[in-house]
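Look for chain A in each of the two complexes below; its partner is chain B in the first and chain C in the second.
Presenting the complex of A and B:
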């Protein structure tokens, strides 16, 4: 099992959340952080039964009612500020220890 | 052997084989390394096989006969079943000319940007499939490849223009600067705009308020695919007059269909991603130093509570409409719990107001049902062509979220004058109203009432 489990959220759990998930997998692998990323639809978050270390949401304004840090993933879609978001995710997961 | 023979032979191998080959070549065209291109292509073939498995075994094999039994028992006049967008996109990609749509959209978008006809660079290349769907369906009706691409091009232009017009309200609602949503779901705004204007004219309409966030908390559970699937399965089983054991089995089968189809479609997405990334880089490189909106897929609008709540509250309305709306022949199924994308743009133009979103949602759904009815024969034909199994008997398949632009085009193709006049009227009126009334930011009072937006 991967060390950290990340949920990416979008409208359908298919398109945008998969794009984010792929970029996060690649970005975290480059940073040497072991993650498992699962794309889901925002309306399925309440029914998510696995552990969640971090949520990446591309739906601004959505109140994510969950006990985990939430990162705005929109830059992963626009391609502007992508690395900064990946750094933020890495920082939030490891607490800057790595 | 001529080149044409080679092409025919490759297409004859079936979509699961020719899709990987075509996509591999397309990936390399946009500068993907061969190893990555092969992997992306192969993943596409795998996803296609996976979706076919679910559609064939579950949707067509088990769910459709039950739905048919229900329709017969209740004496409904529904002859087509909505297969939902995961299946619709797969069938579309299997259209032999599908991959050509990538360069068409990219070149057209770049040209329009360069001459200043649009301010949007659409980097959402996943939804190229919507244009493929339009082209494939129109070719099915007209038999003309030229018409197929004319319609696809018209779709691309209309999407970009609506993206431009609604950009400010979209940015306000989402709190993300510099974006627009040039998505097919925004084309519903054309028929919706006149009604939105009418609603605005009703005195006191703007004072009616509902708090979407309270409702959202209460209905969260029912918004999940797995729960919607279970409820639908049980209901269809009961209405079909099944025995208890069969009803329970159908409940789980439908839940499985609703969960597995999106998972399979997600593999599709993974496969297309390297290609769409390469293409997106290709476009940005050619536009360096220019100002433009970045065109994204719709889910960025999905987080607004009014979108979530209306997409769930309107589910029963959709079911009721499907049996009461004159002229409708489509049983909403695959996308029954999945029309949030149609509500997103509506929520954006009414500034997040739930009451008006719900009322306009009824218009959206009626347009969807009629459009899906119109497109059913051609879509069924296409599905058979690309080797998809179709439910036994008289049943056709269709897709609920068929853009009104496609519906309008089919009226043209069939030279149905009433349809043509109405389509042109809605196109012109829709654009005019959107441009004059909904392209600027909502008034202060509306902005203030815009529920849970990031403020």
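Presenting the complex of A and C:
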């Protein structure tokens, strides 16, 4: 099974995106999905285009064409709707095959 | 190793503010007075907030975590506001949505090694019970004790 590549996106690529990344790694492990998660800053996004399967973003106005599905990661910080977001990520990665 | 500077002087409780800018200015002043941040920090936080807003729709009240890039921060520090009335704050990840915020954590993080601290902070405000308790507190010392009990401020 291929390893899926995910980036988490915030303003600095340091704080919130790292917390989102930790939760995604744990949540995907629990679902048996092999992922590599990399937190990045908004300005680093351009360099990732074409290399990623999914973007989890907590920044507004993602208007760049990244050719990958984008999931809103804010529930990973608030805890409200967290499992639903993890399910959405899993669904978008595997296309429901799992 | 050191720790994140935080005590009752870094807390404002019960004071109404008209808007996010006023809250951020008060808290940034506390961080500056203790040497946590240098010139340009306040403007940098406000600027970042316009591009990447930090209001979070937690329950039962919203929380905001304004911050900026490490270059404006001299030593790790935390300042906290517990607001008597909600301040409408732009929600993270949105262009226009607003969250009614009652608790604000202004972070001065000079290095990139504070994820453990942030994880604990996230855990704190993901707990409706903890937030309910926090907004019931009426003096800075009580708020400082409350946060210190729940978040490990030492940097290891």
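As a working rule, the second predicted complex is superposed on the first by the 93 of 98 C-alpha atoms of A that agree within 3 Å, B and C clash if a C-alpha of one lies under 4 Å from a C-alpha of the other, contacts with A are read in each partner's own complex, and residues count from 1 in each chain.
Definition applied: a contact is a pair of C-beta atoms (placed from the backbone, for glycine too) under 8 Å apart; a residue touches a chain by one contact, two chains touch by 3 or more.
Remember, it's a predicted structure, so these values are computed and weren't measured experimentally.
K.L.:
Looking at the overlay on chain A, is there a clash between chain B and chain C, or do the two fit?
P.N.:
Chain B and chain C clash in the superposed model.
K.L.:
Could you tell me if A:79 is touching chain B, chain C, both of them or neither one (first, second, both, neither)?
P.N.:
After superposition on chain A, A:79 lies in contact with both partners, chain B and chain C.
K.L.:
In the overlaid three-chain picture, which partner chain does A:91 touch, first (chain B) or second (chain C), both, or neither?
P.N.:
Neither partner.
K.L.:
Counting only touches as set out at the top, which of chain B and chain C does A:58 meet: first, second, both, neither?
P.N.:
both
K.L.:
Which chain, chain B or chain C, ends up touching more residues of chain A in the combined arrangement?
P.N.:
The partner with more contacted residues on chain A is B.
K.L.:
Can you tell which stretch of chain B collides with chain C among 63-71, 81-89, 207-215 or 441-449?
P.N.:
In the superposition, chain C collides with chain B along 81-89.
K.L.:
By the touch definition above, which chain A residues appear in both interfaces, chain B in one complex and chain C in the other?
P.N.:
10-12, 14-16, 18-19, 22, 42, 57-61, 74, 77-80
K.L.:
Any idea which chain C residues touch chain A in the complex?
P.N.:
My answer: residues 48, 51-53, 56-59, 65, 67, 69-70, 91-95, 107, 109, 112, 114-115, 118-119, 122, 125-126.
K.L.:
Under the touch definition given earlier, write down the residues of chain A that touch chain B in their complex.
P.N.:
10-19, 22, 39, 41-44, 46-47, 57-63, 74, 77-80
K.L.:
With touch defined as at the start, can you tell me which chain A residues reach chain C in the complex?
P.N.:
Residues of chain A touching chain C: 10-12, 14-16, 18-19, 22, 42, 57-61, 72-74, 77-80.
K.L.:
What residues on chain B touch chain A, complex-wise?
P.N.:
85-86, 123, 126-127, 173-176, 178-179, 213, 220-221, 223-227, 262, 265-266, 269-270, 273, 280, 284, 294, 296-305, 308, 312, 338, 340-341, 344, 452-454
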